[in-house]
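Order as written gives the chain letters A, B, C, D and E; numbering starts at 1 within each chain.
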Amino acid sequence: MTTSSLDTPVAVLNQTPVDAEYLKWAAARRRRMWRRRILPALGIGGLLALWWAVITIFEVKPFIAPSPWAVVETLYAKRAVLLDNLIPTALEAAGGFLLGNLAAIIIATIFVHNKTLQDIFFPVVLMFNAIPLVAKAPVLVLIMGNGMEPKITIAALVCFFPTLVNMVRGLESVNPQAMELMRVLSASKMEIFFRLRLLNALPYLFSALRIAASMSVIGAVVGEWVGATVGIGAMILQATFNFDSPLLYAAIVMSATLSGLFFLLVTVAERLIIRWHPEDASH
Amino acid sequence: QGKAKINMQLGWIPGVNQIGEVVAKRLGFYEQEGIEFAIQPGGPNIDGVAIVASGRYEVGQVSSSPSVMLAVSQGLPIKCFAVGAQKHPFTFFSLAKNPVKKPQDLVGKKVGIPSTAAILLRALLAKNKIAEKDVTVVTVGSDMAPLLTGQVDVVTGWLTSTTALKALGPGRVDLTLWDAGVQLYALPYYATHATLEKQPKVIEAFLRATSRGWHHVKANRDEAADLLIKEYPNLKREDERAAIDVMLEYALGGMAQTQGWGTMDPAVWQSQITTYSELGQFTAKTPKLEDVISLDALKATAAARTKVA
Amino acid sequence: MSAVMNAAPAISCRDIGMRFFTERRDVTAIKSLDLDVAQGEFLTLLGPSGCGKSTFLRVVADLLEPSRGKIEVLSGTPQAAREKRDIGFVFQDAALLPWRTALQNVELPLQVGKGASRKGRRSPKELLELVGLKDRANAWPHEMSGGQRQRVSIARALASDPKILLMDEPFGALDEITRDRLNEEIRKVWKETGVTILFVTHSIHEAAFLGQRVLMLAANPGRVREIVPVNLPEDRTLDIRETPEFVQLTAHLRRVLETC
Amino acid sequence: MTTSSLDTPVAVLNQTPVDAEYLKWAAARRRRMWRRRILPALGIGGLLALWWAVITIFEVKPFIAPSPWAVVETLYAKRAVLLDNLIPTALEAAGGFLLGNLAAIIIATIFVHNKTLQDIFFPVVLMFNAIPLVAKAPVLVLIMGNGMEPKITIAALVCFFPTLVNMVRGLESVNPQAMELMRVLSASKMEIFFRLRLLNALPYLFSALRIAASMSVIGAVVGEWVGATVGIGAMILQATFNFDSPLLYAAIVMSATLSGLFFLLVTVAERLIIRWHPEDASH
Amino acid sequence: MSAVMNAAPAISCRDIGMRFFTERRDVTAIKSLDLDVAQGEFLTLLGPSGCGKSTFLRVVADLLEPSRGKIEVLSGTPQAAREKRDIGFVFQDAALLPWRTALQNVELPLQVGKGASRKGRRSPKELLELVGLKDRANAWPHEMSGGQRQRVSIARALASDPKILLMDEPFGALDEITRDRLNEEIRKVWKETGVTILFVTHSIHEAAFLGQRVLMLAANPGRVREIVPVNLPEDRTLDIRETPEFVQLTAHLRRVLETC
């Protein structure tokens, strides 16, 4: 008996003859992908329609909530200003996202490797997280001034805790068997971390990053309320103060779009990084 | 070289309330006084007093005079050295179909007010001998919508917020806090004891330049609006242009007509302190007048500030 | 055996094929498979690793849709059979639910699905005793040895009362003594209940001892190599393995397997 | 051969003879439990000490941050007022916690069972989550008035998104083998949900609940800034306005303690519910 | 065999005992075990399910600390041996990392641990070919059959070059033909490298064919039942299984096992 008789026939796909079975699978796959693109658009479209319907049917006054049409007009009319203000907010949110999540990942790493430190410092982090912004803001401005730094820090603080909690759990929940394997190979803690724990934590991490994508934008916007003249947060403040509800909603649409974009980036990153899962895990 | 720095920390975002400073900065008035000037914005989460008190920035401005009294009462080492508005534009707004024209009209009304401004209503009621139970207080955000939706009969706000007031329509009825007998200042400038004592010349220079700025605004309103938009492109020119006219009434009206921009009356301050003290607002200690304000800088610059006028 | 053959087949496959597509690959697990399994038959499956045995059982149990061909289970679609709870499955790995103790895992089929009320002849406790785990009824899966876990999963499959029992190397992790005992037990269950059994094994002896026919699959790609009838008396005890017929049969199976 | 020879000798512990090996294990176990209690206290104690040290060494002015001693004094002096104000906030936070997480769990359940609905509505939820409170709060007050309801709603909204994201992932990440088992048993979607998905999602859920424990208190506090006269949030606002930094910090300590309490409850609930894990999974 | 016995034993156990405590239970997995394994010895372990075979291997590999007794591995503590990367382990379930393809899983030992540079005689690709998985090198674990996964884990254990190889039912999920071939291969590897092997199996034939001695464990509680020396020539081919000595040996092992 030769070894090759054990081998399974595997065709690399670009050489596959185009047969009926393949076409069927490819068609199903294409359908799935289109659904994934069209349905969200449908959802957003439905939301707009609902908004419009509520405004019209209940005759909601424009100072409570403007019609989507007025918001779209404002978005178009003020596109230049809105985009100019989006840029600093996007930078702050992105900076906070990176910083906050990085810090959370690093601290989760430390916690997982040193249970004593975790037991001691987790409550400290918890308490610190519970301090509202009003108390942290003066200290931040005192230390960092009025540039982008305090806004980035606030966005980072807002992302930090959820990622920390999820990451600690992800890093801890490794398969005991895989852990034994690493131990037998005398893998260093570093190797166990990079080749086992981190990969194992990815589903938890990406879950956290999805949350953080949304939170970091909110963090940046709120951060701008600590003293800023540009940015979506400043615009929101301005618009609220002036009762300019179309502008307020336009600014909110901008920040929500930014959140959505971040979320999309995280989703795409996840799809690119986690390649080893069954294609349709949940059916 | 030895140019003095002045960072002015606001308690709110900058706008037409700071147009005098913006114009002075843009036209180089500060530079001519040997000052490097910048405005540091505040916001809902930061009033800036602690930041100035700790020496991070040189001067500050808050929205209303009680903040200064309360801060001094808690031992923060600051003093007010000038005011930006000669009367406080805080106003009770109602609609023509259910008007509140004088304090007595408040009886039986539902008044929507932010929790931090509730004390102003209490002061007003006390001054006019109206029992607190005769008025229903509804805590709201800084939002005028409840008046329009009929949830309350009266809302509060600043008469200088011209854009916001457009929402209430032309049939609006105003009752200002000032006219109702509670006389507060708005937009007070403050600095630390240390700054006031060690660098009086800088503060004086700042006052001179700022005063010049405000007078320039009065004389060149359209240009001022343009400069403001240049400094803060997010603002809407026509809104700000309309607001300038109202704001100038407050900045350069009243005592400022005779004693120059920024001037303030110690008697008004003393009555504020008394009112707040009577209402039990000083949880720490009741501050003395001389702890709250310092008239030195105003006095030293009186000539310069009135000359332009 | 000829008697049971008269009824409609329990499982009937015509040109079943199964391919797994992924973005990068196209794996043919089963090329083409024609097969009839009679009602009440005991069919054992032998074949090299990766020849599609598990895949075939999954197709029968309606866990995979074949990429081509036609399959009937109990004269209906696999789905219908599955939904009528006519199918029991012992998975290749125990697949215990980690949040259930041994006993609770065995009880699962009685708590779930439309046929939950359809009890097997034996209670979960009796089944645990049958597989020698009475004393570990309250152990969590992570506290059990590999063989113990597999025994729990066997007990679980027996807890419901399916018409078709699909067993994927159920005794792979068991020592020969336990295995022999369970071989006898499973034949007893089969005789008592008349259930149709498809039994994947890697042991030639087991395949011969248990089955009425042995389906031999070849790999590369998966296909039927030969169907070997087992001409041994229906009443089999372990001693039968010493008989010349048995030895001859296993020698034949081994020879065929070597060319799979 | 009898069956019983297969059985492993298992002693039920209360009958165990007290031998050396048992005592060793029991002692190690007791030590672990004590560590888990003492170390967090150490952490909090250390935090206080650090706070005090920073205040003293850098001569931090009391209006930036008061000394821990001043805060303790205030906590004691104003204990009655603080507790009176803690109750509404605790109720709001608890209500928001329950409501927000329940809603998240229910919606996650719907999403997992209907991929189409998920594809359509997830972006909607995402956008909705990205709307800052300043825009949502007035509408909430408009609809619900000035009672506890809008505060509870805000706390719920704040909890909702992280739990939704984690829960969807938890419910989806079931072991494919277990799913096949359920399918073979023709388990209904309901049965699969309660006997498989939900139990499988528990680690993700508890991770989310830990986040929510902290968030709901923040949500309730922020909710109180929109218009409340009682509650820790109102106190914080008042204390900030009055520059009463010892009171501000005392109020923050109260809210942080509330967060910590919620967190503790979640941790205890997790330990009571997830009983099937190895005792010391991460060693 | 006597030659290697002169050196210090590779593994030496004195009164090893292992109990698992939990809040509710106290399970004695191994009561007491005394054993010396010579350097370069091939010891096979037979015993009923749950008798502590896996537990014992785990103790040797320093994955569990025995609750009593003294164990020396390569004249040091198990920990020292493990940290010197002298121990290789094939787990009872494949324990592949799901984010690594077959080939990447085999490469793991060469990328991890202090001994990462210590290469085996064969490259990961050659090892995959040895276990018949050349063509599936790029498959993810979830795309492989049970037997294929197990073969990957065998290749992985051979990729490093340990002094002691602990194999926990490595061939359990393999068909007899592949198993026979790998039995011959593993003996070849053993002879070439002089590695000490502890090999758990449920197949009496495998135990007899592979081992120099067979350690028979009894369950309830786990303990040594008998150590059976295998008096077969060192050069064994599969034909040896037909010899009377072999048949006699396996019959003896079966008899002993029945009383375990």
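The working rule: a contact is a pair of C-beta atoms (placed from the backbone, for glycine too) under 8 Å apart; a residue touches a chain by one contact, two chains touch by 3 or more.
These numbers were taken from a predicted model, which means no experiment stands behind them.
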Neighbouring chains common to chain B and chain D, by label: A
Number of steps on the shortest touching-chain route linking chain A and chain E: 1
Most distant chain from chain C, judged by the mean position of its C-alpha atoms: B
When chain C is superposed on chain E by its C-alpha atoms, the rotation angle in degrees, nearest 5: 180
Chain B and chain E: spacing of chain centres that average the CA atoms, whole Å: 84
For chain C paired with chain D, centre-to-centre distance based on mean C-alpha positions, whole Å: 46
Computed distance of Cα centres, chain B from chain A, in Å: 41
Mean-CA-position distance for chain E and chain C (Å): 28
Two or more partner chains touched - positions in chain D: 1, 4, 6-10, 64, 138, 142, 176, 237, 240, 278
Residues of chain C whose C-beta touches two or more other chains: 22, 24-25, 27, 48-50, 93, 132, 139, 142, 177-178, 258, 260
Junction residues of chain B, two or more chains touched: 50, 54, 143, 145, 149
Contact pairs between chains, per stated definition: A-B, A-C, A-D, A-E, B-D, C-D, C-E, D-E
Contacting residues of chain B [partner chain D, same complex]: 47, 49-50, 53-54, 67, 70-71, 73-76, 114-116, 118, 138-141, 143, 145-146, 149, 151, 281, 283-284
Residue ranges of chain A in contact with chain D within the complex: 35-36, 39-40, 42-44, 46-47, 64-65, 112, 115-116, 119-124, 126-127, 129-132, 134-135, 138-139, 142, 161-162, 165-166, 169, 172-174, 176, 203-204, 207, 210-211, 214, 217-218, 221-222, 236-237, 240, 248-249, 252, 255-256, 258-260, 263, 278, 281-282
Complex contact set, residues of chain B against chain A: 10, 13-15, 40-46, 48, 50-51, 54, 56, 142-145, 148-149, 161, 163-164, 166-167, 232-236, 239
Chain C to chain D touching residues, read off their complex: 58, 61-63, 82-85, 87-89, 91, 93, 95, 97-100, 108-109, 111-115, 129-130, 132-136, 139-142, 160, 177-178, 181
Residues of chain A that touch chain E when the two form their complex: 1, 3-10, 175, 177-178, 180-188, 191, 195-196, 199, 274, 276-278
